[in-house]
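Worksheet: the structure to be examined is printed underneath.
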Amino acid sequence: MKRRTFLATAPALGAAMAGFSASSFPALAAAPSDLLNASYSPTGELYGAYDAFFTRFWRDKTGTAPAIHVSNRGSGAQARAVIEGLPADVVTLALAYDIDAIAKAGLIAANWRSRLPDNSTPYTSTIVFLVRRGNPKQIHDWPDLIRPGVQVVTPNPKTSGGARYNILAAYAWALKANGNDPAKAKAYLKALLKHVPVLDTSARNATLSFLQRGLGDVLIAWESEALLAIAQAKDKTAYELVLPSLSILAEPPVAVVDKVVDRRGTRSLAEAYLATLYSPDAQELIAENYYRPRLAAVVRKYAARFRPIPMVTVDQAFGGWDVAQKNFFADGAIFDQVFAPG
Amino acid sequence: MASDAIAIALPAVRAGGKRARRALIGVALVFIALFLVLPLGVIFAEAFSLGLRSYAAALADPDVQSALRLTIGIALVAVPLNTIFGLAASWCLARFRFRGRGALIALIELPLSVSPVVAGLLLVLLFGNGGLFGPFLEAHGMRIIFAVPGMVLATIFVTFPYVARELIPLAETQGSEEEEAAVTLGASGWQTFLRVSLPKLRWGLFYGILLCNARAIGEFGAVSVVSGQVPGQTNTLPLEVQALYDGYRVQAAFAASSLLACLAIVTLILKAALEWRHRDEIRATRRMQAG
Amino acid sequence: MPRPMTASAWREPSVLPGFAPSLTATLLWLGLLVIAPLAVMVATAAGLGWDGFWTLALRPRVLADLSVSVSSALAASLIDAVFGLIVAWVLVRYRFPGRGLVNALIDLPFALPTAVAGIALAALYAPRGPVGTVLAPFGIAIAYTRAGIVVALMFVGLPFIVRTLEPVIAELDIEQEEAAETLGASATTSFVRVLLPPLLPALLTGFALALARALGEYGSVIFIAGNKPMVSEILPLLIVTELEQFNIPGAVAIATLMLAASFLLLISVNLLQGWVRKHHGE
């Protein structure tokens, strides 16, 4: 290489290397008007819309437009990522247990739940079935899932939040249908999981397996995910929604990651980002993106979209997430006992 | 007479040969069309499937732009570093004979046999929170995993051998007589290297840099493990392609892919040009590599 | 002033300076970037204990995925060897319009990012894709099956075979082949007895390179594979899944197993090469 060429490129290379060295010291590279939202897997579209809205809102209010970034990953995997060092300013996960795990690791204050209305849950959802056009396997409720020849798609509860709601909803129904007999409910779960060919790492990956790869006859999914899948398909009749006779209330909470925002100086931005989720405009946006809003006026407006389904809650039916996680999803617990891969 | 028999048989054999030749060319072309041309074509077909405006909009997406910048930035760090290593390796491994030389050359090729995902795992083992240097990094407020430095290191690992494995056989083929003559005439080591070796190795250097660069830009598995995969921050262009694809934005994914495909085509053109200009030396080098 | 030649037991004397610094730099870079990380991984694997390691490494899903990875890699590399030989032969020995273009295109799988190749192949071979719709009436499904994995691995492995064979084919003695023809050897005999032996070493080298690449391939496979555990899931994907659950011991066990499998396969190919060289001369 000619010396002149080398000397000409050296400054550029030096700058690049310096830049990358600096980026390994986040404190040096911090820009207080950008925010990282570590979310669970299906919320990409929701937060895409909300971030655009919030950016305008914040710019109108303060004059600076924030740069908001969203990371999507299975809820359990995302919680672990944040604990392992993903520099998220806020977390918007699928269930309180995952945020509690981050709190236990010292990154979030223990009283995070009470810092925002509705136990820090600005939107809810539930669990439904998605089937293909015409519902060829005639799937109408939970018992149909264990009929011979039916293949069920549901994600891996070790990494996905939606997957855990799916399993608990199935168990709740099975318990009720079998006169509260835990042994029979467990047997149903075992039968159900025999019909599951693959456990994707996240709810979104499971949806993609069902939609793109053509895997399975029925997808157990977030209602938000199912409605979105129908809406985004080129052929609007390609998929159909089936409401089970009993489902579960899914309450995905949000929280500020105290350790990160204090280090980066983004607390006010982060708190505003989450608080604005409860505003009327944001609640409309939430409903438009297929999540069940909290605000009564918006609920009424979108009543046709979100049909009433009999639901249990994790607290009522399972004694809260700590108990449910320990009984069902810890190593060696009920899920491990009933699921044998292959 | 035998020669008459041969004279009669030869055209038939040649004709059969001609048919065989045409058949072989046909098979080869169909195979190439199916396996190489079609995939390239489908990238552009899908990218433009919603029209020119959607294509432009997809490319103007800030996340795509940021991913492109990150991809190029990482290559700008990884490739020069591995080039310097390649030059150093070519000096000591091609111009000297010593015990362990063969083993060293084999070790340099090791990253080629390691899955990129394992490369990412290696970095997590070293720099993750529970890793060897985890506590040190935490204490000093540094982050490697889920940040760009980890992605740079992953790319360096994966593209490690590319310059060295071009330069070493080339330098060996070229021999060290000129360098030895220079030294005998009084040149210092650096003078010999810069004025004698480097010009001789020029095409091999460009070639190796080209391959190293192509691999660095295209790296996916290793960086996907160590990156936080945050669009707009820690997504390279290949990672952004996956993010778009998983977000139901298939056309945008292919639009971003078309950028990478264009870079690939430029690489192929440059590679072909270099190969054509230096075909004799290349032949000798490849012979040595093929064993 | 030229350095005095030192007679040393482990290296040949040379007038050239700079051995120590260049060797140090090489060893340092190699050691830090390649050897040390691999050593850390092996140490971590060892730290799991003999029982611990094998419990993790021999889980049914791991073994099933290992079998999928190995069988797909072998199949793809073998098919590539056959067609790669034809392509290399055609490119070197015959002239036809577009030859330069085709020759340049061979390196496309190398220059194209694996993720891009992955979605392109998935789009092509999906049930609704251009090739998928052609094959569907015959009941052939490529995407989301094991066949899809083989197709993707064929794509990435092709350049290794072709580029390794080309220089050797170019140097083949044409007269030998023509002599065989005129003496009445059929095309097959001519091929097996005269042409193949000198090509075999290079073919095996290319095969080994393609195989090594195919075993660890991730980006181009995950979009077209079914990713069904036990059926169409490749081992690298399982490692990623373990990592997403932050099950580091599990990931380390699988990675070590994978490295061992690659190592064994490549040694086998090396031995084969040695046998070929001995029995067919050079």
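Worth pointing out:
Letters A, B and C name the chains as they come in the text, with residue numbers starting at 1 for each one.
As a convention for this text, a contact is a pair of C-beta atoms (placed from the backbone, for glycine too) under 8 Å apart; a residue touches a chain by one contact, two chains touch by 3 or more.
Model, not experiment: these values are computed from the prediction.
Comparing the CA-atom centres of all chains against that of chain C, the greatest distance is found for A.
Two chain pairs are in question, A-B and A-C; the one with more C-beta pairs in contact is A-B. Rounded to whole angstrom units, the spacing between the C-alpha centres of chain B and chain C is 14.
Taking each chain's centre as the mean of its C-alpha atoms, chain A lies 37 Å from chain B. Computed from the mean C-alpha positions, the centre of chain A lies at a distance of 38 Å from the centre of chain C.
Within chain B, residues 128, 130 each touch two or more of the remaining chains.
Across the assembly, chain A contributes 73, 84 as residues in contact with two or more other chains.
Across the interface of their complex, chain B is touched by residues 1-2, 10-12, 14-19, 22-23, 25-27, 29-30, 33-35, 37-38, 40-41, 44, 83, 86-87, 89-91, 94, 96, 100, 102-117, 119-121, 123-124, 129-131, 154-155, 158, 163-168, 170-171, 181-182, 184, 187, 201-202, 205-206, 209, 212-213, 215-219, 223, 235-236, 239-240, 243, 248, 251-252, 255, 258-259, 262-263, 266, 273 of chain C.
Note for the complex: chain B touches chain C at residues 6, 9-10, 13, 16-17, 20-21, 24-25, 27-29, 31-32, 34-40, 42-43, 46, 85, 88-89, 91-93, 95-100, 104, 107-108, 110-118, 120-126, 128, 130, 132, 153, 156-157, 160, 176, 179-180, 183-184, 186, 188-190, 192-193, 211, 214-215, 217-221, 224-225, 237-239, 241-242, 245, 250, 253-254, 257, 260-261, 263-265, 267-269, 271-272, 282-283, 286-287, 289-291.
Per the touch definition, chain C reaches chain A in the complex via residues 60-61, 64, 126-127, 143-144, 226-231, 233, 241, 244-246. Those residues of chain B that touch chain A in the shared complex are 73-74, 76-77, 80, 128-130, 138, 141-149, 152, 194, 198, 202, 205, 228-233, 246-248. Chain A meets chain B in the complex at residues 1, 3, 12-13, 16-17, 19-21, 23-27, 36, 44-45, 67, 69-71, 73, 81, 83-87, 204-205, 208, 232.
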